[in-house]
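Should a chain be cited, it is by its letter among A, B, C and D, assigned in written order, with residues numbered from 1 in that chain.
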Amino acid sequence: MSTQSETAETNRLEAFSDGVFAIAITLLVLELKSPELEDGERLWPALRHEWPQFAAYLTSFAILGIMWVNHHSMFRQIKRADRGLMFLNLLLLLWTTLLPFPTSLFAEHLRDESINSNVAAAVYSANLTLAAIAFSAIWWHVLRNHLVDHDMTKAQMRTSLLRYSIGTVIYGACIGLSFISAQMTLLVVFLLALYYGFEQVRTRA
Amino acid sequence: MSTQSETAETNRLEAFSDGVFAIAITLLVLELKSPELEDGERLWPALRHEWPQFAAYLTSFAILGIMWVNHHSMFRQIKRADRGLMFLNLLLLLWTTLLPFPTSLFAEHLRDESINSNVAAAVYSANLTLAAIAFSAIWWHVLRNHLVDHDMTKAQMRTSLLRYSIGTVIYGACIGLSFISAQMTLLVVFLLALYYGFEQVRTRA
Amino acid sequence: MSTQSETAETNRLEAFSDGVFAIAITLLVLELKSPELEDGERLWPALRHEWPQFAAYLTSFAILGIMWVNHHSMFRQIKRADRGLMFLNLLLLLWTTLLPFPTSLFAEHLRDESINSNVAAAVYSANLTLAAIAFSAIWWHVLRNHLVDHDMTKAQMRTSLLRYSIGTVIYGACIGLSFISAQMTLLVVFLLALYYGFEQVRTRA
Amino acid sequence: MSTQSETAETNRLEAFSDGVFAIAITLLVLELKSPELEDGERLWPALRHEWPQFAAYLTSFAILGIMWVNHHSMFRQIKRADRGLMFLNLLLLLWTTLLPFPTSLFAEHLRDESINSNVAAAVYSANLTLAAIAFSAIWWHVLRNHLVDHDMTKAQMRTSLLRYSIGTVIYGACIGLSFISAQMTLLVVFLLALYYGFEQVRTRA
């Protein structure tokens, strides 16, 4: 009975997380604003001029989608949740729910010619880095407390931990890249999301 | 056990999608704005003057409702999810969560006498077309990878694929219709949603 | 197997509806605006002056809460869902998701000395009446198509249908009351929600 | 069968509550506004100047997270739900969904040098106190009506009730503290959330 109650706990943890991911990914649309037109101004050029909004929307959607898929994969391997896992998961959800804010900041300043575009890109990258760290912390906690639902060899554990650490390093590097070019940072982050998507399709399907 | 884990995956995929549909359909209300009244202006005529807002709200609600019902029917026939399905489903959710934006654009410009009303209608129709393409892609992927939970004859597969392709063609035609009349486009899209609703009641109940 | 698939359908229908109710009830808070203060103006009197916002928030929260409880009770008695039920349920959710709009309209115009306060109250009451009609229609459809999970006598069916019809009549009467006094309408609607709450505790607990 | 139906009721109650918690915690981000910059103004100092927004965001996130964990723990011990429990739970959800409003009020007035900062802090603390009272009321109702899923000694019941009462007293004291210092109130509330988090990890893991 104790086991059953632990399993229920994992289910409700996943349901809550799914809810937060689903809401965060849907709220992104609220940051898209209709262009305000002058008399006689045409809508299509005005929409095209708003491309940073759409690029940032698409990128954050892809990232949150991948994060949800990752979360999903990770929790399929977890057989029970302790309180430590619940709080580390809340930390991950903190960075997840925050993402619409730097997304809107990034879109707004992407074309600024000042340092502001770089700062907005760095804040965005920092948010992603913090989320990657939270993912690593969850996995490290899960391994250390034997919460996985199958036996892993030491080598498998090292490999899986390494995978998450690489994410942290890459997004951390994006903070640096932000100060070279905000637009390149957005492109790299978007391509990374696509790459992670396809790589997972290939290695785990 | 492998099968059970695959089934769980489908469940969480459906739960996540349900969440996104439920949130997108509920967020539509945030695009409805109270009319700002001048001193002595009366509320009822001001509300009636906002009819494009309500017409666009109702149409998008009907479309998202039908999409949810369709998604529901489709996934009842799917017995397991692979990674490809997860990413195609995310693509569908991308167009689902985006819909409140063109809805608000459409409502705002429906009565413009310039080309802007046509552009707004075309953007709206393009969103629906992209969603229809994503539905077709999911079904095509599901059939090709034998993810359905029952045997289908070649004829049944062709028929079901054809059904989805027709949706793509019809919404694609609405992009063209947009440049003839924005208001007619809204009406046609609304009637299509009603038709799809009733047609499903009839053929699958 | 057919039965199992039908049951799953009811579950997903309930989960989707729960999601919509949960989102609509939580979105109400977005209509609460911080008062904009002049230099030296004090916050507490400004907040107290915004009482119509809070009264409308509380009333709509109570109504959506009761509606969720009602929906819950009703669907506990339904053993399977057909397509007709799905579309009538979508109709109910339409009025549910719309409610934040008339709530904000009501709060904004509650103290207007013109006919506008009555119009806002009437729009609000009309929304509630349409939701009550949708509830009746669902129950009527369920009884007519034998979707309940237990046998009911003719008398029980009549009694249960009557209960829902009374709701429709009462909220319909509130549309009339709106043209006498907007503030009284808000009070009556709030008391009705409390009454329905307690009455259900008594008769079905 | 009656028991099964009661259990289902608890599940749907938990699912609905999870939805509301997930939405409320995610909506907090909508209160974060991009700073509006003058020509040539730099983004980073403007963001740093908005620290009350981020501090209030983080605090409310932590509180809603802890409340969800608490709700979770409490309902794991509840074996069936009656109507009284449903309505007390709705009362708790009322204070949960309301929290984004005082959060935004608190952030906006945290640095006011007038009494307004104290009033905003007191409103925020009052919201938390009302939530703590609702938690106590739920637990008291559950114990009185034997809705828990295991036997508790009188001593255990007293201890558990005392735990919830202490929360009410502490948050009540924060209302008083608000009139000494708004910023100290925010800090204390944040530290309390962290303390409750760690304390639960220790005593119940």
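The rule is simple: a residue touches a chain if its C-beta (ideal position, glycine included) is under 8 Å from a C-beta of that chain, and two chains touch if they have at least 3 such contacts.
In this text the structure is predicted, and so the values were computed from the model without any measurement.
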{"item": "For subunit C placed onto subunit D, the superposition rotation in degrees, Cα atoms, nearest 5", "value": "90"}
{"item": "Distance from subunit B to subunit A - Cα centre to Cα centre, in angstrom", "value": "26"}
{"item": "Computed distance of Cα centres, subunit D from subunit B, in Å", "value": "36"}
{"item": "Shared interface positions of subunit A, touching two or more other chains", "value": "15, 19, 23, 27, 30"}
{"item": "Chain contact graph, described as a line, ring, star, complete graph or other shape", "value": "ring"}
{"item": "Chains touching one another, given as label pairs in label order", "value": "A-B, A-D, B-C, C-D"}
{"item": "Subunit C to subunit B touching residues, read off their complex", "value": "5, 8-9, 12, 15-16, 19-20, 23-24, 27, 30, 82-84, 86-87, 90, 93-94, 97-98, 100-101, 104-105, 108-109, 114-116, 119-120, 123"}
{"item": "Subunit B-touching residues of subunit A, taken from the complex the two chains share", "value": "14-15, 18-19, 21-23, 25-30, 32, 34, 37, 40, 42-44, 47, 57-58, 61, 65, 68-69, 72, 76, 197, 200-201, 204-205"}
